[in-house]
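Going by the order they are written in, the chains are A, B, C, D and E; count residues from 1 in each one.
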Amino acid sequence: MQLAKVVGTVVATQKSERVDGLKMMILRPMGPDGALSSSYLVAFDAVGAGEGEVVIYATGSSARQTEATQNRPADAVIMAIVDTIELDGALTYQKADDA
Amino acid sequence: MQLAKVVGTVVATQKSERVDGLKMMILRPMGPDGALSSSYLVAFDAVGAGEGEVVIYATGSSARQTEATQNRPADAVIMAIVDTIELDGALTYQKADDA
Amino acid sequence: MQLAKVVGTVVATQKSERVDGLKMMILRPMGPDGALSSSYLVAFDAVGAGEGEVVIYATGSSARQTEATQNRPADAVIMAIVDTIELDGALTYQKADDA
Amino acid sequence: MQLAKVVGTVVATQKSERVDGLKMMILRPMGPDGALSSSYLVAFDAVGAGEGEVVIYATGSSARQTEATQNRPADAVIMAIVDTIELDGALTYQKADDA
Amino acid sequence: MQLAKVVGTVVATQKSERVDGLKMMILRPMGPDGALSSSYLVAFDAVGAGEGEVVIYATGSSARQTEATQNRPADAVIMAIVDTIELDGALTYQKADDA
């Protein structure tokens, strides 16, 4: 899994019927030290994440292992909203500080 | 999933019988800010996408999770045509402007 | 999927019994504009491709979705021989020109 | 699989119900010569690994092939704690020296 | 699949019970021209490969498609020992020359 920040959304009406009802978020991968990647990806949301939140996403077939995404063409899913990140013994992120 | 622009097509008559009837499109991955990648991939089309359109594609085993692609050697599928992209609170793409 | 040129072969007699009878080809990934990658991969052949031909290959679990490769440790398979490539409205490859 | 050093933890209370009870560790991939990568990933722990330990992790669908992770949205799992690494005939890592 | 040279081994006693009895080898990916990659990976051995040998490995779920690795958290497996490599019409590797 990877850490990421939710930075946007994508809307599509013409799509595979199997993705109806799923929200698509734009993620920017993030290191545990808070450094943001220059790349982006689109992920389905299985936990009610909002823009600006730090999340964990899973990719590949594992992205279909949530109630929301099974049997869907989902190769990336947000499966947790991060409370705290601890790196090398120091707290590098705490949700209350940012949200 | 990733955003991409449809930039071409590939035609093949000598192929695995399991891909008969599927259209193969050339995609160029795109960032949510509209920046096009220098790489390309080939994807099956599950939604009737046309050249020049901005789409979302899924890869890996998830690419077989549409009606069109199940049980086929498909590792990439177009599963949605994008209407709007919103990044960092700003609208960065709207289909009507481009199509 | 990706485009590639068949540039060689690998022979192995000491191998998993599950790959008996499959031909292993060396592929060099290729862009739709004909640019060859500096990397290589080994793929099983499901369509009778020959050296010098331009093909399409699939990777991951999807590489096991041909008659030739099911239930085999195949993470890459040639599943089509390319006739034509059209990019940005121009024909960039035609089989008869090269074969 | 890849070698990695356990360098931190992530805590999340709002998450897919399928990951309840699993500990999420931050890994930094490592070469067999001890060189640490500049990238990080988040993995579930199937073997009771602690911070500072050198481990082996598996990714993709294979990450769901432990008792702890089956049917969960796990795309990376720690599946072994390394005792020794031998590279080009020389011992490059021994657990007792570090733990 | 990819070509690689076997360059080392990893030993672990504390591990998922599902990998008991499998040997873990360190591989260095190799081009068909003999050029060695600067990266490494850990793979299970399904064919009795030894250090210094040139092998072919498969990754992802396909790595579980050998008798030795099914239902195990294996994302990379050595599935063949290379006899010969032919690239662009020239023999670039022959086992007898090296072993």
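Convention: contacts are C-beta pairs under 8 Å (C-beta built on N, C-alpha and C of every residue); 3 or more make two chains touch, one makes a residue touch a chain.
A quick note: this is a predicted structure, and the numbers were derived from the prediction, not measured.
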- Note on the structure: Per the touch definition, the chains contacting both chain B and chain D are A
- Under the touch criterion given at the top, what is the topological distance in steps from chain C to chain E? 1
- Note on the structure: Given that chain C and chain D share one sequence, their CA atoms superpose after a rotation (degrees, nearest 5) of 145
- Task: Give a one-word verdict, same or different, on whether chain B and chain C use largely identical residue numbers at their interface, taking over half shared as same.
- Result: different
- Counting in whole Å, what is the centre-to-centre distance of chain A and chain D, each centre being its mean C-alpha position? 21
- Averaging C-alpha coordinates per chain, one finds the centres of chain A and chain C separated by a number of Å equal to 33
- Item | chain B, residues touching no fewer than two other chains | 59-61, 63
- Note on the structure: So, starting at chain C and moving first to chain E, the ring lists as C, E, D, A, B
- Give every residue of chain B touching chain A within the complex, in rising order. 1-3, 31-32, 46-48, 56, 58-63, 65-67, 77, 79-89, 92
- Query: Which residues of chain A touch chain B in their complex?
  - Reply: 7-19, 24, 26, 39-43, 51, 59-61, 63-64, 71-76
